[in-house]
Amino acid sequence: MVRKYLSKIYMGIIFIFLYAPIVVLAVFSFNESKSRGHWTGFSLRWYIELFHDQDIRMAFYYTITIAIITAIVSTILGTIAAIGINAMKGRQKALILNVNYLPVVNPDIVTGISLMILYISFNMDFGFNTMLISHIVFSIPYVILSILPKLKQLDVHMTEAAMDLGATPMYALRKVIIPEIKPGIVTGFLMAFTLSIDDFIISYFTKGEGVTNLSIIIYSMARRGVRPTINALSTIMLTVVLLLMILINKRANGHDKSKKTNRSEV
Amino acid sequence: MKRKLIAVTFIAILILIAATGCKSEGKQTLSILNYDIYMDKSLLSEFEKANNVTIKYDTYSTPEEMYIKVKSGASKYDLIISGEYMIERLIREKLINKLNFDNIPNYKYIGEDFKNHVYDPDNEYSVPYFWGTLGILYNKKTVDASSDSWAMLWDESHAQKIIMMDSQRDSFAAALKLLGYSINTVDEKELDEAKDLLIQQRPLVMAYITDGAPDIMINEEADMALVWSGEAVSAMAENENLDFVIPKEGSNIWIDAMVVPANSENQEMAERFIDFLCSTEATLRNINEVWYSTVHTEAIKLVDEELLNNPAFNIPKEDIDKMEMLRDPKEFIGLYTERWTELMAQ
Amino acid sequence: MKDRTKYFAYPYVVWIFIFIALPAFLVLLYSVTTKESNGLTTIHFTWENFKNFFQPLYLNILWDSIYLAAISTIICLMLGYPAAYIISKAHISKRNTLLFMCILPMWMNMLLRTYAWMTILGNNGILNNIFAFLGLPKVNMLYTRGATIMGMVYNFIPFMILPIYTALSKMDKAVLEAADDLGANKRTKFIKVILPLSMPGVISGIIMVFMPAVSTFIIPQLLGGNKSMMIGNLVEKLFILNGDWNFGSAISIVMMVIILLSMSIMNKFDVDKEGGARLW
């Protein structure tokens, strides 16, 4: 019994540690004054200021656009690549998997500077394109890594059976393989999307021409000091994430209650 | 084989879509690189509308960062606003163009005091934007500024309440001036002395930050900070306990100016924008945004009385006489960088 | 079918070559050439950049980053293991919720999470206001090494909890029962059975926390007030401010080697990995 209470208290402390900063951010986004420690009254002032902030609006636009394109492109490329890699054997496969692993294990800062050097070597103009390509580059490996385990579980005989029954390889791919690995594809898509939205370091080294994302804006604002507009922004972002997560969880639970959700890949 | 071909084309198309996804429709563009919070942004959209251009606006936080951006050619800019010693370097390395002053009639408003300086001796490359100095922003309630000296920043009774800049030339300037040396020294012995002084100061320093000091001072979380004059003006406007001192040993005077990089594809539009920024109205609006001292002879007549009485804005003549302008240290820049890294890695 | 589907990977092989292998090669090239090198026409090879790095000044920075990251990793492990253990023991209906609550902060922008601590730790921040309310003296918390470590622990602790939980929940119940049947008490059972079986999770956790911690440059900047320079700060400075890309590349290579080495050492212990990381 004591043990149970202890573990409850322990988890309580951990959650306070994890959530206190977020709660503080949210509460002070409604504070009337700029003060960071004193509550002076309720107001929506910072939210109004946020919506009038041209920079934040543009950054938001770029963040979302890049995240959507990144998620779509890297999911498609990653799925195709995963199917191909799965069919490979031996050293060839190991080599590709290992190079593919590089952006995952490399510190972000190294990935960032190496891409920056690449773009400069090829005289590319920094801006939307460089940032987008960089996001796709670091997202695809995660997509592949979330699809490969599903492909491994795939019953080879099923595809063969389909083709024996007269299905073309393309048809088999569409009707047999893709539906089977769909959970992996969805996980990969979501991961690419969130990785892109959340990225700071790689974007920081590949930005240019007035294209920034929310992380970069938050960084430059935070360096200047505490701004309640960031609090407002983070409250909104957190609410959206929370709603999305609940939605996804509901969907996952409703879909297959028996199967374990793919947490291990996260 | 066919499948391979399909896959490759498919990907090629995807990349093409991604690459062309967001090109603007044939409008002229003007790329600007400026310090962070150094312009009234509404001026940009105004100019965009009036001239049918799209402005791409990038920011940086120290002149060194700007130089790398321009030098590496990562982005092509049409207009850059930066400090005099970096402009000197850009001129020397032929990275910026001479301006066509026919396109900048408002150049006539620029005060004579800000022309013919050593970084651009014949006024061919640059148009001054703002000017200012380096000093100490302090809280009157806790700090006694009667010494009027850089030594204030080494006062042990304010340990962990002093903010220094994360900018090598500026932090070195404070130490060098306290020692009575030139802020452009390349004498290793003098620089070592300055470095030792800064190392000695380290335990007293709360943080090394650029841009963040005014906010911390307004909140009275620190006692004093090494700041640029405009930062002091903006902080003093929000907290009346704050004051600004330009130490008696002298300080740095700087001029930020507008220049057009050599690889600009739209120099004429850039010059038009420079002219636009030199108009009295735009200058006044910028003053109210950035709070630095103006180079504009007409705008200065129209600013508020209160601002004119602020020594951080209307910097007294006797202080200016003791100030020194930063120069491009050329190949000696390493002397500063090395020592700065050494200091930061203590 | 299987043989032909292999071609599906070819476009990605090209992609990998251009965007992963080539950049890595360029960093390597920069690290062994001088600043005066100009394109491929006039390349001057040198070991100077690496030699330069092995000076006490830079080794101190490296050592300090490893030290700070290691401390944060240890704290994450000490806080995270019990949490993962408790979650894995929780009733099945609560387990998912608890896990979800541990992951949720991870979905919030990392800069925002770091920024949140700036508002809490400041001299006039929330904590100091609470102290003042309780009649306690003010404490300097923001812009200290403690703040840097705390920022890292806060940002990366979910990466510790998650893999440990996965390892614990995958554990074969029969083994645990066998331990009970053989008369092991709770302590022995934990030390002899549960802990060793959860090691793969612990190791993944250590890697996943240590890696981002050792290379971070945002946290020491925003929470540490730039007072403890970490290796990430140095690389950022060399690329963004000093423009010394050759030296910066050399340090990046050192960082890569350290991380790949520690990964391969860790992998020796990790029986759970499949295919992927074997070459390293």
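The first chain written gets the first letter, and so on, giving A, B and C; residue counts start at 1 in each chain.
Throughout what follows, a residue touches a chain if its C-beta (ideal position, glycine included) is under 8 Å from a C-beta of that chain, and two chains touch if they have at least 3 such contacts.
None of these values were measured; they are calculated from a predicted model.
Student: Return the chains common to the contact lists of chain B and chain C.
Tutor: Under the touch definition, chain B and chain C have A as mutual neighbours.
Student: Which pair, A-C or A-B, has more C-beta contacts?
Tutor: Per the contact counts, A-C leads.
Student: Report, in whole Å, the distance between the mean C-alpha point of chain A and the mean C-alpha point of chain B.
Tutor: The answer is 35 Å.
Student: Need the CA-centroid distance for the pair chain A / chain C, whole Å please.
Tutor: 17
Student: Can you list the chain A residues in contact with two or more other chains?
Tutor: Each of 35-36, 77, 80, 116, 133, 169, 223, 226 in chain A touches at least two other chains.
Student: For chain B, jot down the residues that touch at least 2 other chains.
Tutor: 3, 7, 11, 72, 209, 216, 219
Student: Of all residues in chain C, which are in touch with two or more distinct other chains?
Tutor: Residues 4, 7-8, 10-11, 15, 122, 124, 239.
Student: Using the touch definition up top, name the residues of chain A that touch chain C in the complex.
Tutor: These residues of chain A touch chain C: 7, 10-11, 14-15, 17-22, 24-25, 28, 35-38, 77-78, 80-81, 83-88, 93-103, 105-111, 113-118, 121, 133, 137, 140, 145, 149, 156, 159-160, 163, 169, 172-173, 194, 197-198, 200-201, 205, 214-215, 218-219, 222-223, 226, 230-231, 233-234, 237-238, 241-242, 245, 249, 261, 263-264, 266.
Student: Which of the residues in chain B end up touching chain C in this complex?
Tutor: Per the stated touch rule, the residues are 3-4, 7-8, 11, 62, 64-65, 67-68, 71-72, 160, 166, 202, 205-209, 216, 219-222, 337, 341-342, 344-345.
Student: Flag every residue of chain C that touches chain A in the complex, lowest number first.
Tutor: Residues of chain C touching chain A: 1-13, 15-16, 19-24, 26-27, 30, 79, 82-83, 86-87, 89, 96, 98-105, 107-120, 122, 124-126, 128-129, 154, 157-158, 162, 166, 211-212, 214-215, 217-218, 221-222, 232, 235-236, 239, 245, 248-249, 252, 255-256, 259-260, 263, 274-280.
Student: Contact residues on chain A for chain B in the complex?
Tutor: 35-36, 54-55, 65, 69, 73, 76-77, 80, 116, 119-120, 123, 125-129, 132-133, 136, 169, 207-211, 220, 223-226
Student: Which of the residues in chain C end up touching chain B in this complex?
Tutor: Residues 4, 7-8, 10-11, 15, 57-58, 60-61, 64, 122-124, 140, 142-143, 225-227, 229, 233-234, 237, 239-243.
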